[in-house]
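Note that the chains take the letters A, B, C and D in the order they are written out, and that residue 1 is the start of every chain.
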């Protein structure tokens, strides 16, 4: 808002008195009439090669399941922020060594894991869920979850949570499992996964949960579905893109987060778009770069990068390489309020 | 309602005058205070061995795609009815010979096909759908559909439609494809099937249809899902039972019909139950009998039988035989109105 | 379907053998390819002047709350049917004399009452509901309800129920109140009505019912709303028309029936339309006639008439008279299945 | 999380290197395992007597509809924040003088106004809406709205918007009406209000909007409904409380904000409760105080006060005075995600 050329005077110390009364004059609040969203967050990429050594170095600082620190994770924070990879989501790498356990807890934020190396087990509400590279594993809000590592190679995954949103909403509750340690196993291994086929579900009343009943989406299944989907065509903006869905509703896997897998043709840049949702992409295969908000972000296998809201972006996969991108989005946080918008170049 | 012991008299010809006025006294309408539903329909089984010869004999009467009769189908009608296998659904066998076509049309009733012999092609809204034994194929209400038979063996399937309901509702519209014959192919083969994996769907806005976007549920996929589901346990009333679902909603495949596949352990009778929905079962494998409303119905491979509403039933699969039952139900017609009830023995 | 000019012959007695096998050849089932619904039901009007004397005469036959017959009602049946004013709905006049009671019962069909004369009380699920002329009173499916008449004038109302539909669906359960007689009063008088204002509702969780929580819509309130609505314009096909709604959802008052109140300008015919839903109109004020399916139905105050599905109709209110029509419709039975269609002239 | 007693050492400058890599170790992020939400916002009351003079003084600084500043409003910010009365909502007083206009604009945040003094007109999407004291007026997200003041007394209302939430979600778009000034009037005055009665709505398809179609809820109507509701009883925690609802759905008036009117009995303290939603109360009549988070907030007519999330509160209306509280809540922002919790003392 342009300032008046000839401002008239209110009483002495007017604005000081307003401040003392805990009010601010609307006509002086910056940004009130900005035509488009003001976005603090910036594009950024976090690289596997750089961070994995730092993650291993953490093992010299703390032991999982022994010390009080029960998760060995490095949280990526946007350069513009103290916390949060975007304004709503936080991602990071987490490491579990062979023999370690991460004790059971639950919390209001929902979480997803995208497995990047090694193999292990997560237990969610009594259901043991095996984890192999490329698998997507859910630990929805308020579900008890813990991790075990019976294997021999270090296990690393990408964590994705809605913590910045839930904290911003002042709704973050946390609880350790009564008695500590791991929770008992009360359901068959991969119980959720076994119950749902393609367009096929157990007969009878649906479970009354607000998230997908499938706790793990295995890589080989998702990748096969992606290649099948590719037979039906690709989108110039998103390539071939499937969503991991909640089979109870056909909607997003979690009430707060959507997860996708995209296949991009080598050497073919996607067309630019922007939208009010923010996205964290993780490279599930291939290499290339993206132009995000005018910034070039180079990436290769297992790197991840943040696309802030209302920021133009396009992907440029390297020539001759099949590129697969996993992504998580906060789209579900906007849809209930009609706040999602997108613009295509 | 018990009659009065000492009825008083109204004026002369009272009831005749009521009838002439097109009204009936509520206190004389039978059944008004019956505690439970009056069900006309009776249990009945239709047998493959008996009906297939009759179906082949029909080829001496009419040619598909040549004569005006464009579907060679025998409709099973309940012994209590002129039309309708139950009060809401009609089933029957349909035969297409090699080289024949069934021209495109569309209608308000929705239909499903459960393939029993041979192989062929159905086209739905421009999408060619291959049909092999055990496949479930949908031709939802108001979708253009036609059939082709490029193979060498006669093709027979079980038809299931909601015609009795739609006719009862006076909402039955029918239309031949403009110009006649087969519709053009405008989408990839198995387009719907290719788009939906287990808990996986194309990203982006959902198609705005009130039925599943998957037109064929292949046998091998459904059977594999059924055996996986079996790993999570069985129900004493229904065995291991999966529902073919609409991945857009997690609900029934059609707004008017639900379809299921059940696995029964050989030699183990299910416990009896009854409900206000009616069911048509088709034997997808195995043999045995069911006790329905006190009547024993023996069945073997590819037979089908009707379980009327609010009628007790239990299945007794033969010892040593794995039995798989396909079924269609009118449950979706009751749910919107709170009219579904069930009782377990 | 036109018959073949040169029918070929199947084996001897082919069609007899089909009939014996409980199947019918689709190509011989009449109506299969009719382009539009076959509607048996016909337009008809039932007249207050003619029926009220017959209703009073019924008091010579049976006593309410004394004899076993617990409702003194004359059910209007369509000339084409033994039962049912349309194919899904039944309407009729019901009479309660001063001092009489109609004992409590409940049943799967839902019911509405539109008061025409006198005043009295209905109790629904423990809530006493006063009834005055023009009031709409609901007794939803499976709610205990009884009637009392503490007044001095005979009380007559129009009943509307979905009995033909519920019976057709074989889902009709009936139960007398344990111990018989009237149910105890457990809630404040007009509890539901008091809780809901225009766009105003009690704060907190909604009651978990599938019908409106308002049991009575008073005439003066509805009529005032109708005249207010008239200020915003009228529709050439329906006049000024408001719907009685379920404030919990904004939808129909009952899951199976919709109720409306329409205001027609004297001397101005509405334009013709038809739709797959059926309607029973009751004259809440004024006089005139309707052309329904080509038949002229003359009506005056408190008469009611049936408009069958897919039948053209238009209303011609008399010149110089304000006409108000109450109506009930089975539209909710079609919407869940995509079976509603309408056509405007 | 308690620090290790004997921390082991990672490589030199480990935490500095983590910071340089834009990651933070989860085990050092404060608050990660706090059992309950951390709430920055504090209870606070803003007083009519104190602020109205400041608001009038603003007229010496800027002219509505003449200067670039198009709204003369004082925004209350929580003592803990630069912006926002709570973490999601902002409230404040707005003043329009006789003859002034506030030009048309629209924006992603939704707004409500609760009228406190004077009378005037708001136009929303072409519909003129009169405003009198006690009226609630909606200007939903992305609707064109402007204000006029044809009266003679200064008009003051309480504004309530979801700006802090929408800005936090980076979804704030703003647009001035093309050509500037006031928008044309294209609908009848009070069009929405006229269409909806108690459980009564225009027949036919519903408008496709995600907010109430009623733009003004008049005081006399709401107050009458409140007194009627009082006949059905009161809640010990909330008194008699009605919600202004969206008659299209029975839900909240806006997708992001809920509005309520409560009646408290003089001299009777409510019982304490807390919940994860935040609330702004405005005194619509009466006086008293509230204990919020252990702080006593005294209030009288037209004051407003903030109750932060997960903060215990109770109201103590003065003896002998009928107290009516208007309130707005961000409950709708939590419900879609299962983040609403409440605790009763």
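To be clear about the criterion, a residue touches a chain if its C-beta (ideal position, glycine included) is under 8 Å from a C-beta of that chain, and two chains touch if they have at least 3 such contacts.
All figures in this text were calculated on a predicted structure; none of them were measured in a lab.
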Most remote chain relative to chain D, going by C-alpha centroids?
B
Indicate the whole-number Å distance between the mean C-alpha point of chain B and the mean C-alpha point of chain C.
31
Inter-chain centre distance, chain A versus chain B - centres from mean C-alpha coordinates, in Å
43
With chain centres taken as the means of their Cα atoms, state the distance from chain B to chain D in Å.
53
Shared interface positions of chain A, touching two or more other chains
none
Does the chain-touch network form a line, ring, star, complete graph or other?
ring
Chains touch one another in the pairs A-B, A-D, B-C, C-D
Taking the touch rule as given, give the residues of chain A at its contact with chain D in the complex, in rising order.
1-2, 4, 7-11, 14, 17-18, 21-27, 29, 31-39, 41, 44, 46, 50-51, 54, 57-58, 60-62, 67-69, 71-79, 83, 87-88, 92, 94, 105, 108, 141-142, 166-176, 210, 255-256, 276, 278, 308-310, 332-334, 336-341
Residues on chain B engaged by chain A in the complex (per definition of touch)
188, 191, 193-204, 206, 212, 214, 217, 221-222, 224-225, 228-229, 231-233, 235, 238, 241-250, 253, 260, 262
